[in-house]
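Okay, so subunit A shows up in both of these, paired with subunit B first and subunit C after.
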Partner chain A sequence: MMTDTNVDVAGTGISLGVTLYSFTNEWWSRQYDLTGLVAEVAGRGLGPGVEIVGFQSLRTFPEVDADSVSLWRGLVDRFGIVPTCLGSNVDVALRADRSLDRDEMVDYLNRQLDTAAALGFPVVRIQIGADPAVIERCLARAEKHGIRMGMEIHAPESAVSPAIMRVREFYESVDSPLLGFIPDFSSTMRRVPEGVLADLRARGLSEGAADGLTQAWLSPGNQFANFGAWAEASRAAGEPDDAVGAATLVFTMHGRAAAETWAELAPRIVHVHGKCYEFDEVGDEPSIDYPSIATVLVDSRYQGWISTEWEGHVFAPPGTVDAFDVVASQQALLRRSLTAAAG
Partner chain B sequence: MFDSYVIGEGTVRNVTEGDETVGFAFDSRIAYYRGLGVSMVEPFEITVDGEAVPTDALRFSLGDRTWTFDELETDYDTRWELTDTATVTVLRPGGLRGEHTVEAIEVLRISYLPFPSRTRCARTVTLD
Partner chain C sequence: MTSVTDRLISPGDAVVAAADRTLVPVRVPWYRSLPLSCWESVAVTLDGQRFGVDQLELRLGDATIPCTELAAKHETFWFVQDTGWLVVPATLDATQVELRVEAEIRIPYILIGPDKALVRHVQDGGTLPVVRSGEQ
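So, the complex of A and B:
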């Protein structure tokens, strides 16, 4: 079974799995229920680690009734999967009249910590929306359950961006082993995925404007200023408004921080999101330098899970790509990269 | 990917009550990767042949429940799931006859964005 080769890859202490978010298209098109999806993941050897986004996979989340808990725990036993991380969300814009206040945010997150414990997840993914004051007040609940909270570092943030530096300082001041980070490879990319550019071209963006967009993304300086200048010039040149607007995601979803910056977080990495978009004919991911990232993780002695996170659904509609195949390609690349890094 | 599902292809249809055509409706999917509480669904912005439809002429349905957007705003108990198909009804006596262009913008208050997400879809339809 491929699953065995995903555990403690090349003796690195790093094991592989997948987030069910990778199967957003399959879930959206109702091809699978939770049991079917977990069965497919296990059957194709894409575990054993399994991560879920609570608000995607569980209808009553953050609440779960006894039947849901026993269904999930039954799947864990039956298919030999390992719950790795539960993705939480704090919907600060729940109300139209005002943002949630701190008490409400703490309650919102605490309920998700309770559910993570009920389902057996050792890590809860939190996001930049949860400020230090909220995280600090949820720490008691995390301690009660022995759950680690990992702040996802996703483009446009990076390990060294100002917002994350503030969280790093806060973590230093609290110094709890239950507080950490979840690097997402989207922060450390080397190219804009071809699928994203193809989607923009399909919306009418010219070849020249697409090249200009790539150049703006690769340019030094403030990414949002780079995008703004490109967008203004493109609109002036008559590029379709819809395509120019959609190009925002190039700058919000793809960061180009150096892979080496992950090393600064090493002792506090509690989980990793192995983002991927597409693979070439030799099984490489053109937009993300997997060998470099693998080297950083191995050299900094990260021990834990990497969840494959295929996000191609942003450009590939349901039914066009087999996400299970893409996940298998990513895990093969990751195994090769980790093995080489460990060698 | 979600744009074309704001107005599901082939789903625009007239709505009748008794002998009367009271408006038209279409199927819509959430333009996001996960479910959101319905209070975070802002009124759809809909035009018919370029003419804006007032929000009070809109209804939003999930399963067998129907809300006005005023009612939806304070419903903190119901979620629009990634797998749910909602129905948006536009009250418009006579519905749509012949060829019309319907545009809908689905507006969601997504937490980490400082502004609501807006996903647009336009379809030209011909109804009897």
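So, the complex of A and C:
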């Protein structure tokens, strides 16, 4: 294995790995099956931590059959990877006729916890669609398996947004070591990724409107109100509907909270999503302040995994970017940032 | 060039012309598998002739399902790497066809209001080759 440098980076207790979600383009394009993808990740030294999204990587999810369990466990042994986190989904709007009720959500999540246990994942990512009542009722299953449930904090939520504050209060009241958070760097960004803006320009958005969008994103106040005002003005100015509609993602995928807010959660962080989009010529990520985030994680003594999560598939079509190279760049930046923070 | 979340058709795929119908290859325009109930609508246009949801069937694996019944299929997942086939009641004689596929896809975990999930309108198409099938 070439992944030793990703384990316990600079003595911080933080180790690196990747979510297979980073390879969405290659996966959707059927360039790899699960064995091939894990082999490539291991061969390029992008582990040892490996995270998956159940509904992406596993055909029979939320269930797994014995053959799938045997295949996965065989990959873990053969390639020396470490299963870190399984991404569950709380598909509240699964049905066309109505939302799932709490009983159905509990059952849906419990089935995914069972699958995580069968595959050897110690952490399951849960999403904001699971309210405290659902989480509380799933806790018994998590305890049975010894699995930690981590609520992902993803843009537009942040460590201090009202919905997450409600979860924090609930966690305090239950105080179980199996309940925690998964910060995603997308919540604490400093710039809209250039690839996202380039995609909007390709949809016909003018330079002026793109600048206005960036300004709206950087402005204080309610982000959805900022977007609404920009969208209304842009449509009135004749900007293409498709481009204005697609720009919604700027506000749902990229948040501007301060990196320091992660420190408040530190004792309850069970896993981390190291989001990235693009790298400049010196290997920095212009849209995310990696050194600041690394400092917060090291100073607050987070011990655990960070999964590299490249989300460029939303603007970069298959074949245009080598996702494995991007992941390698992110891990190099993270190692530099963690080492500097530890020094 | 289109990102995968805006693609309903795999580059290089061909339309299949059978004796009494046409099969259009379709993909899930998202990063993960979704249940069939998330396909809120679908339409196919072949050389300018449009076929709506009540005229189409979806063939996925061994199953063939009228598209009007997809809404009830919330326990059947369409694996993100699989091609499904929209069965269109039309015959094609040419070696290529001008194809357009449109769909409304509900993203079941992205909530944008109380009891309201994000619905994405996706359209894809182009000139595709037509291959003949001997199937009936």
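One rule holds for everything that comes next: the second predicted complex is superposed on the first by the 341 of 343 C-alpha atoms of A that agree within 3 Å, B and C clash if a C-alpha of one lies under 4 Å from a C-alpha of the other, contacts with A are read in each partner's own complex, and residues count from 1 in each chain.
Assume contacts are C-beta pairs under 8 Å (C-beta built on N, C-alpha and C of every residue); 3 or more make two chains touch, one makes a residue touch a chain.
Quick caveat: nothing in here was measured; it's all calculated off a predicted structure.
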item: When subunit B and subunit C are modelled together on subunit A, clash or fit; value: clash
item: Partner chain(s) touched by A:T188 [first = subunit B, second = subunit C, both, neither]; value: neither
item: Winner by number of subunit A residues touched, once subunit B and subunit C are compared; value: C
item: Which of subunit B and subunit C A:Q112 touches, first, second, both or neither; value: neither
item: Common interface residues of subunit A - those touching subunit B in one complex and subunit C in the other; value: 21, 24-25, 27-28, 30, 53, 55-56, 59, 89-96, 127-129, 313-318
item: Touching residues on subunit A, where the partner in the complex is subunit B; value: 21, 24-25, 27-28, 30, 53, 55-56, 59, 89-96, 127-129, 242, 313-318
item: For the subunit A and subunit C complex, residues of the former touching the latter; value: 21, 24-25, 27-30, 53, 55-56, 59, 61, 89-99, 127-129, 199, 252, 313-318, 320
item: Footprint of subunit A on subunit B - complex, ascending; value: 1, 4, 29, 33-37, 39-40, 42, 73, 76, 79, 81-83, 109-112, 120
item: Residue numbers on subunit C that touch subunit A, as the complex places them; value: 1-5, 7, 10, 27, 31-35, 37-38, 40, 71-72, 74, 77, 79-81, 106-111, 115-117
